[in-house]
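Consider the two complexes below, in which subunit A is the common component and subunit B and subunit C are the respective partners.
The block that comes next holds the complex of A and B.
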C-alpha cells in the first residue's frame, strides 16, 4: 500500500469518517452537558425518567466529549497529516473505515449502557467491561494503522507530530487497560485506596496522555503550514515531547491530596505537576515563535485560527493545573466548580478548539473543495470562544464561593442558593455551545456531501 | 498488595519510553534537526484559498436567525435570573 508512481490519489475515507463522527457526537455530547446543567437548576425536570437523571447524563456527557467529539476530531487530522509527513499512503483505508464504524458502535454502546444504568461507578471509567473492551479494540486498530504507516514511510525522519500521534495512542491503550482494571470484568475495580490511586492515574492521563499529545501533534502540523514557515525549533519540540511523556505519567495522585495515600506518591505528583511547566512552555514557545509576525496568515485560515486559540487556552489551563496541584491552593479549589471550570478550559478550550481547528483545516483538503461556509465556521469560533470564557468565569466564581464556604464549615444546603445564579448562567452558556455544535455539524455535512463550491485545481 | 498496580503503571510507562527513546537514538532520529523543521511543509505549502462556496442568501439568513435565537435565549435567561433571582 505504499506510494508509487501509478497509485490512485488518496480517498481520505478514514479522515472523512472521523470528521463526521466528531461533528455528530459533538452535538450529542454538548446537548447532554446542557441537559445536565439544566437539571442542576431544576432537579425535578426529569423526575421519574430514570435514563436521563443527572447521575447518568453526566458520565454520558464526559465520555462523549472525550471519545465522541474531541478524540475523533484530532484523529481525523492525524489520519490526514501522518501519511503526508511520512511521504507515504495510509497503511489501510479499509482498516480505517472499519475503525470508524466500530468507533461509532462503541459510542452508541456508551450512551445506551450508561443511560440504562449499567455503570462501574468510577469517575471517567464508568463504562462497563464489554464497552471497555470495545474501546481497547478501536484504539488497537488505530495503533496498527499508525504504526504500519510509520513502518512503510519514505521519510526516514519522524517529525514531532508523528511522535505525538503515536505516543497518544500507545499510552492511551496502556492507560485505559490498566485504569479500567480490565482483568477484573465483574467490577472493573480494585479495592479501597489502591483503586483510587489507579483510577486517578487513569482519570488524569486519559485526558493528559490522549488529548494533549494528539492536540499538540495537530498544532505542530497546522501552524507551520498555515504560516508557510518552518517550525521554530524541532529540537525544542522533541524536548517538550519527551519531558511530557516522562512527567505526565506520574501526576494523577494530585487528585488525592486529601486522601490517605502514601506521602511519597503525593510528593511525586505535586513535583511533576509543577514540572509540567517545562513541556508546556517548550510547546508554546515553539508554536508562538513559529507564528511570530504571521498572525495575518493564521487569521486567514479558520482551521489555524481555532488551533492557535487552542494553544492560548493550553497556556491558561496548564499553568492553572500546576498551581492547583499545590496543597495550599487545593484546600479551596478541590471538590467544587473550580475544577469543572478547569476541565472546560482544558477539554473544550484547548483540545476541543484544536480538534475543530484540525477538522476545518483538513476539510477543504480531503474534499478538494472549499469549506462550505467560512462565515458559519467563524460564527462557531466566536460562540465557542465566548462559551469557554463564560464557563471559566462563572464556574470559577461558583467554585470559589463553594470552596470558601466549605473551608469555613458552612453547610452545603446554605451554599447552594448562593451559586444558583451561576448555575443558571452556566446552563445558558451551555445552550450557546450546543447551538454552535449544530452549526458546525451542518457546515461539516454540507462541506462533505452537498458542497456547491468549485473543485480546487 | 498496596503498591504493585501503580508501580506497574509507572514502570510500564517508563519502560516503553526508554525502549522507544533508545530506538530513536540508534536510528539517528535526533541527528538532522534543521531538516526536520521543514517536514510539515512537504509537499509545498498550500496555494491561496479559492473563492468561497456559493452560499445561498436565504440559508445564511435562516442559520443566522437560529443562532441569534440561541444567543437571545441565553441572554434572556440571564436577565430573567438577574431580575427575578432570589
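The block that comes next holds the complex of A and C.
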C-alpha cells in the first residue's frame, strides 16, 4: 500500500484538521463533564449562572464528547486510511478542510445554543433545527468525500474498514435526520410514546451506527498494520459488519422496558440486545486472533495500544449492555448511575480510546516525524485507563446503592447522602480525565507544528 | 460475498429502512392515542412552563414515568400511554437524580415551590438541585407547569391545597393563641393528641433526632426552631416557631401526626414516605426537648416497656 509515485505527496490537511478538532474539543467536553460532576457535589458553586446550570452543562458535555471529540478523532483516522487502503488520493482535501471548518462552527453552535437554553429537550437529540441542519450538512460533505474517493480507487477490493467508514456515515446521516424529526423544525419531536420510541431508536444508534462502525474501521486498519499481519478472517468481517447493522438497530427500546410501550417491541429489543453478542464477538475474535502472539508489536505502537485497549473495553461494555437489557436487571439498574458508568465504558473506554489510538497512530505518519512525546502519550493512556476503570467502579457502586435502595422502598432524597462520597470520587476522576485531555492536546499541537523530531525516512 | 460500494451503501440503507419500518413506523402507526382517565389539556401557562422545564434541562434529573416497582413521589399511579398524548417532546427522563415528577402537582403549595426554586436547600437541606433564582418572574410560570403535573389528579390536590391554605392563613392571622389552638387541637384527631412520645429521651435518641432535624426541618424551622430558616421569607403562613409552645400541652402524638401527615395548605410537607416511625418520634423528641423545652417522652399512659429500653 504505497502512494502513487507520480502524484505529489499527500498533505493530509483533512486528517490534521480533524485531529486538532478532536484534541481541542476533548478538553472542552471533559471540562464540561468535570463541571457537571462538581455541581453535583457543590450545587451552589455556580449558583444562578443560568448558562452553566447542570441541566445545560450535561447535554453540552454529552454532545461535545460524541460529536466534538470521539467522532472527529475517528474521522481523522478514516481520512488517513481511506486513500491508503484504496491506493488513491483523497477525493478533495479542499472539501475536507471546508468540512473541518464547518464542523467546528457547528460545534460552537452546539455549545452556544445549549448554554443559552435553546434545546429540543430530547437526550442525544437536543440540538435545535438550524444546528441539526449543520450536522446533516457536515456528514453529507464527509460522505461525498468518502464515496468519491471510493469511486476513484485503484484498489479493486474494498477492505472492511472502508465498509464501516462509509456505512457509518450514510447510516448516521439518515438516522440523525430521522431521530431529530427534522421535518418538524419547531419541536423536532413526535407526540407521546412514539416520540420516546423514535428517540431511543436514534439515541442508541449514535453508538451503534456512528461510534461503533467508525471505531471498528479504525481497529480493523490499525491492528493488522501494527501487527504486520493480514486480518484473521474475511468471513468474520462480513458477519460482524452485516449483523451489526441488523441487530444494533433493533435494540433502542431496551431504554423503555419500564414504560408503557408495546410488549412485542420490548421483546424485540431484549432479544436483539442479547443477540448483540454476535456482531460484538465476530469483530473481537477477528481483531484478537489477528493480534494473537503479537502483543509486543501492539505495545510498541502507542496508537495500537490505545486501539487494542479500546477493543477490550468494547467486550466489557457490550456484554454488560446485553445483561442490562434484561428486565430483571433493570429493576435495579434503571434510572441511576449504573447506566452512567456503562456509558463511560462505551464512549470513553471503547470509542474514545480507539479515537485517540487512531490519532496517535496516524500522527507520525501524516507528519513524517515521530510523536513529539511518546512519554506524554503513554501517560495519557494510563490516565484515561485509570479514569475509565475508576468511573466504572465508582458509578456502578453508586448506581447499585441507588437502585437497591429505591427498589426496597427508600426515597431518592434519603439516598443522596449515601452516594455523595462517590460523586466526589467521580469528580476527582473527572479532573484526571480532563488533565489527560490537556496533555493530549499539547502533544498533538507539538507533534503537528512545533516538532523538533528528525524526519522519518 | 463481494463487497462493492453499492452493496455497502444501498445494502445498509435497505436493512435500515426495513428495521425502521418495523421498530419505529409500526409502533407509530398502531399507537393508541386515547387519553387516560386523568388526562386534561395543559393551560397556556403550563405549556409555557414546560418550555422552561425543557430549556433548563430539568429532564436530566427528573423522570416523568412511574413504574410498577416504585415507592417514592407519585407512586400512587403507574404511568399509562394515555398520559402522554399531548407531549411533544415526551419527557420521560432517563435518570432520577431528583424525584419523579409525574404526579408532583399539588404535592406542595405554590409558596413552597418558590422557596425551593430560589434555592432548593432552603426547603430541602440535602438537595443537590441547582438554584433557579436566575429565572426571576419565570419561576411563577415554571411553578404553574409543575403544579399541573398529574392533570386531573393534580387539580384535585391543588383544590385541597388552596382550601387549606385559606384556613391556615386565617388561623395564623387570628393571632398566636388561635393559631396554636387550630394547629394543635382543631386539626389533630383526638387519639393522636393523647399519645405521649413512646421513645425515652436518651442522649443517643436526641442525637439521631438532631440529624433528622438538620436533614429535613432546618430549612424552614431554622437552627434554633424559631421558624426563621432560610426558606422563611418566601413562605406564608411562615414556618412555625416551636419556642412559643411551652405549657400548651403539646404531646408527642401531635408532633408525630404533623410530621407524618404534613399540614396541607401550609408549606409543611408530609414525611411519611421518607421517615420511618422511629425517626419521626425521635425528631419529635428533639424538637420537644431543645425548642419547646418540655417533653412528654415515655410518660403515662404507656404500655409494656419495649424490649430494647434500658
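As a working rule, the second predicted complex is superposed on the first by the 452 of 457 C-alpha atoms of A that agree within 3 Å, B and C clash if a C-alpha of one lies under 4 Å from a C-alpha of the other, contacts with A are read in each partner's own complex, and residues count from 1 in each chain.
One rule holds in what follows: a residue touches a chain if its C-beta (ideal position, glycine included) is under 8 Å from a C-beta of that chain, and two chains touch if they have at least 3 such contacts.
If you're wondering where the values come from, they're calculated on a predicted model, not measured in any experiment.
Undergrad: Sticking to the clash and touch definitions up top, decide whether subunit B and subunit C on subunit A clash or fit.
TA: Aligned on subunit A, subunit C clashes with subunit B.
Undergrad: So in the superposed three-chain picture, is A:416 touching just subunit B, just subunit C, both, or none of them (first/second/both/neither)?
TA: A:416 contacts subunit C only, not subunit B.
Undergrad: Given the touch rule stated above, what does A:228 touch, subunit B (first), subunit C (second), both, or neither?
TA: First partner only.
Undergrad: Would you sort A:371 into first (subunit B), second (subunit C), both or neither based on which partner it touches?
TA: First partner only, subunit B.
Undergrad: Using the superposition on chain A described above, determine whether A:109 touches subunit B (first), subunit C (second), both, or neither.
TA: Neither subunit B nor subunit C is touched by A:109.
Undergrad: Between subunit B (first) and subunit C (second), which does A:49 come into contact with in this model arrangement: first, second, both, or neither?
TA: second
Undergrad: Check the residue A:10 against both partner chains and state whether it touches subunit B (first), subunit C (second), both, or neither.
TA: In the superposition, A:10 touches no partner, neither subunit B nor subunit C.
Undergrad: Please indicate which partner A:171 is in contact with in the superposed arrangement: first for subunit B, second for subunit C, both, or neither.
TA: It touches subunit B and subunit C both.
Undergrad: By the touch definition above, which subunit A residues appear in both interfaces, subunit B in one complex and subunit C in the other?
TA: Of subunit A, residues 158, 160, 170-171, 174-175, 178, 190, 193-194, 197-198, 201, 238, 242, 245-246, 249-250, 262, 265, 417 contact subunit B in one complex and subunit C in the other.
Undergrad: Which bits of subunit B are touching subunit A when the two form their complex?
TA: 1-3, 5-6, 8-10, 12-14, 16-17, 21, 24, 27, 29-30, 32-43, 45-46, 49-55, 60, 63-64, 66-67, 70-71, 73-75, 77-78, 81-82, 85-86
Undergrad: Would you mind writing out the residues of subunit A in touch with subunit B in their complex?
TA: Within the complex, subunit A contacts subunit B at residues 81, 84-85, 87, 155-161, 170-171, 174-175, 178, 190, 193-194, 197-198, 201, 220-221, 224-225, 228-235, 238, 242, 245-246, 249-250, 262, 265, 300-301, 364-365, 369-376, 379, 383, 417, 420-421, 424-425, 427-429, 431-432, 434-436, 438-439, 442, 451-454, 456.
Undergrad: Would you pull the subunit C residues touching subunit A in the complex into a rising list?
TA: Listed in rising order, the residues of subunit C that touch subunit A are 1, 3-5, 8-9, 11-13, 15-16, 19-20, 22-24, 27-28, 30-31, 33, 53-61, 63, 65, 67-73, 79-81, 84-99, 119-121, 124, 126-135, 215, 273-274.
Undergrad: Going by the contact rule set out above, which residues of subunit A touch subunit C in the complex?
TA: Contact set of subunit A toward subunit C: 39-41, 43-44, 46-50, 53-56, 58-59, 117-123, 147, 150-151, 158, 160, 162-163, 166-167, 170-171, 174-175, 178, 187-199, 201, 209, 238, 242, 245-246, 249-250, 252-253, 255-256, 258-262, 265, 268-269, 331, 334-336, 339-340, 402, 406-407, 409-414, 416-417.
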